[in-house]
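Structure first, then comments.
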Amino acid sequence: MTSEHHIASAFDRDLEAVQALVVRMGGMVEAAILDAAQALDARDEDLAEEVRRRDAAIDALEQQINEESARLIALRSPTASDLRVVLAVMKIAGNLERVGDYAKNMAKRGHVLAQIPAIEGSGGAIRRMARTVEAMLRDAIDAFIARDAALAAEVRARDLDVDQMYNALFREFLTYMLEDPRSITACMHLHFIAKNVERMGDHATSIAEQVIYLVEGHLPQDARPKTDSVQPPGKA
Amino acid sequence: MNIVTKPEQSLDSMTQKISARGVQVHYGATHALKDVSVDIAGNTVTAFIGPSGCGKSTFLRCLNRMNDTIPSCRVQGTITLDGENIYDPGVDPVQLRARVGMVFQKPNPFPKPIFDNVAYGPKIHGLARDKAELAEIVEGSLRRAALWNEVKDRLAEPGTGLSGGQQQRLCIARAIATSPEVLLMDEPCSALDPIATAQVEELIDELRSQFSVVIVTHSMQQAARVSQKTAFFHLGQLVEYGETGEIFTTPRDPRTESYITGRIG
Amino acid sequence: MTISNLRRRHRNEALLKGFGLAAVSTAILMLALLFGSLIATGWQAFTQTHIRIEVPIAAERIKPDNVFGSNWRGVMQDAAAAMLPDADAATRKSLGQIVSNGAQFMVRDAVLADPALIGGSLTITVPTSDPYDQLNKGLIDRATPAQNRRLNDAEIALFDALVAEGRVGKRPNWALLANADSRFPELAGLRGALVGSFYALLTCFAISFPLGIGAAIYLEEFAPKNRWSDFIEVNINNLAAVPSVVFGLLALAVFLGWFGMPRSAPFVGGLTLALMTLPTIIIATRAALKAVPPSIREAALGLGASRQQVVFHHVLPLAMPGIMTGTIIGLAQALGETAPLLLIGMNAFITSAPGTPFDAATALPTQIFIWADSPERGFVSRTSAAILVLLAFLVAMNAIAIFLRNRFERRW
């Protein structure tokens, strides 16, 4: 009685199409993250400029996904799992667009940072953080494609690492700024960049949560693991 | 990127299969249709929606001159099929109905064998030279109606012995047996259960590649699912006509919006 | 709703049921009375008293060149007399009267079939004449005074003597159906009437069926719905209610008077019956055509069938069971019509079955009418028997109609 496919094959095609858009957007955003981090580390102004340019395409894709989802809801009246797919797709696209914006911001700041003396090791640290976040994003999108709730839960747990990396960087930049006031400008920019990457991790976690909603029908019940330094003093 | 539901920007450049201009219909003293002008494109599914008594079925029946059978009905205006006016005195309604087929609300197969049901149209229009060709036409029509596999072993059984959904697909097969250019459907799924409805809608989507389909439906959701263009009728007038996705997301006329969101009857 | 309301409703319902039961019971009682009286008077006619008699075929009685025209009467008289060899003249005469007048022709036909019998003797069982048939069936009361009786004591004694010899017995009366009409009840049969009725019904069917269906199809499918067609419809309904004797007068004046058709012919009878059956068939056909759902017509029209094709390919075949039922009922009515046939003279006394529909003949109902008027005692029971035969045909035809209707009833 149950089947993988709807009797109306056009419905299947529409759903697959909109999900394919999300996957494509995810790929573009992953590339943006890695390239922005690379540009920062290598002080490559041209690469940074390209990342900024490519963000327009990411925004356009988000708009397209929203329009297609609206059409799907209006024309197909999806229910049950079909409805959750469409809602999840819209949320995921929104998250991806924000991540894309953070990557653009990173590239902008990277452009500025290239003009002033570098802080040693900072580029590498941020790059490592970026790679972790990019892996989280990739796994979240894979979990979405495969409808894998276990993988999504695991992605969620990795946000803890990202937070810890951010905390470490925060303390490091503080130390630098205290030692050498000339480095304050660079450290401020780097701090904002690190914050952005930490926010990217939060968004990837959000995407993973949407995957769990899609598969299980509800958002995860337990609170997200959090260790950013906004916690009151006394907690690590 | 293959998005089937993407607005077909090439729609306007497609050949207009049927053009109606200034169509007025009177039933005795009642003015049922007021000044309707619309273009039906080829290889498209066009849906007519609207509340009860709005004139959509009346207009549909004008397209194959079925209103001729009602004595008190008067039709004015022009309706052209491929450029020829179908209300021209020289046009034979019998021949017209071989080019413009019709499927009705309640499945109405003849109480004859399934084969004879589908073969009737080709027989009376002399479309088959011999028995073998007739059998080919029947098989082809039943295949295109997605019914062949279910009935190929019982072509001699009466058409009335099938289930509701199968009967309606048989009626569709019967209508397409004369190779019409346009297929008119008057609420074809209203007597069917949801699964049979979905099967018929899928069939309509497949038929789109060979015919123009015009479907009258009182279910907006069906119009949304099945059609590429939608026309909204209200109180005998054509209120809005446009691409289905736009009508259901951003309709231009407030009356259309009220009907679609369920704010008027 | 109060309790008394409910009680009143129940009481009314019980009253209604009671009325219905009483009405049905009365109807059944009447029917039982009718059948009862018919069977009581008529059952005797289904048997006929026969007597076994040895008939010497004396060669001198037979004309060699005209066996047919020989004095068979004399042969029969001799044979009858020979039953009591020492009878006097009066007794011989009585003996001769015991045997039916038609017995001589039975002997003649036997000899014609087998000429070897000439010179020999033939033992044959022949019907007795009507008075003795009545006597044997106990319908002549022996207690009535002799001058009021049909047979006097001597004749009765003679017959009893023959009965004692074992010559007499009752046999099924096949003559009732096999013979044509006759003056003599023991020889009278319904064959002429049956054939006449058959020809009349055949003519009636051949004319009224196509005309009736054609008219109904035209009125129902093709005629424009205006004042004229309403007028015609009203008139057809009225025609169905016109007394049948009026049609008889019409036939007399027009068919026999103007057109000079042969009198008493089943063909003319059939024409008259056709006029009467036509409204019935038209009305029944129209009802059957109306009962075909419009969705079938629409489906056929939508495929591009012309009006004619819709009617003849789809509507008519589906309406046929209803049409057949109406036709059979109409014909059953026509079978029993008497007044118009009387007026065109189908109550003549005709002793042979008609060879063609244009020969003079009677019909079943008119034959009953004739027999009812005949003086011989034997016709009393035969009239009732003939009525039973007519009723049997009517019941059979109606049963066929009901069978057809049930068999071909469609559920849409």
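Labels A, B and C are assigned to the chains in the order they are written; within every chain, residues are numbered from 1.
Everything that follows uses one rule, which is that contacts are C-beta pairs under 8 Å (C-beta built on N, C-alpha and C of every residue); 3 or more make two chains touch, one makes a residue touch a chain.
Bear in mind the structure is a predicted one, so any value in this text is a computation, not a measurement.
Novice: Which neighbours does chain A have in common with chain C?
Specialist: Output, common partners of chain A and chain C: B.
Novice: Report the chain ID whose CA centroid sits closest to the centroid of the full protein CA set.
Specialist: B
Novice: Could you find the chain whose CA centre sits the greatest distance from that of chain C?
Specialist: Ranked by distance of C-alpha centres from chain C, the top chain is A.
Novice: Roughly how far is chain A from chain C, going centre to centre by Cα mean, in whole Å?
Specialist: Each chain reduced to its C-alpha mean, chain A and chain C end up 104 Å apart.
Novice: With chain centres taken as the means of their Cα atoms, state the distance from chain B to chain C in Å.
Specialist: 61
Novice: Report the inter-chain centroid distance for chain A and chain B in whole angstrom, where each centroid is the mean of the CA atoms.
Specialist: For chain A versus chain B, the centre distance works out to 49 Å.
Novice: At which residue positions does chain C touch at least two other chains?
Specialist: none
Novice: Mind pulling the chain A residues that touch 2 or more other chains?
Specialist: Correct list: empty.
Novice: In the complex of these two chains, what residues of chain A are touching chain B?
Specialist: 6-11, 13-14, 17, 20-21, 68, 70-72, 74-77
Novice: Would you tell me which residues of chain B are touching chain C in their complex?
Specialist: Within the complex, chain B contacts chain C at residues 64, 66, 69, 71, 94-98, 101-104, 106, 108-111, 120-121, 124-125, 171, 174-175, 178.
Novice: Of all residues in chain C, which touch chain B in the complex?
Specialist: 224-225, 293, 295-296, 298-306, 309, 313-314, 318, 410
Novice: Within their complex, state which residues of chain B touch chain A.
Specialist: Touch residues, chain B against chain A: 1-5, 195, 198-199, 201-202, 205, 221, 224-225, 244-245, 248-249.
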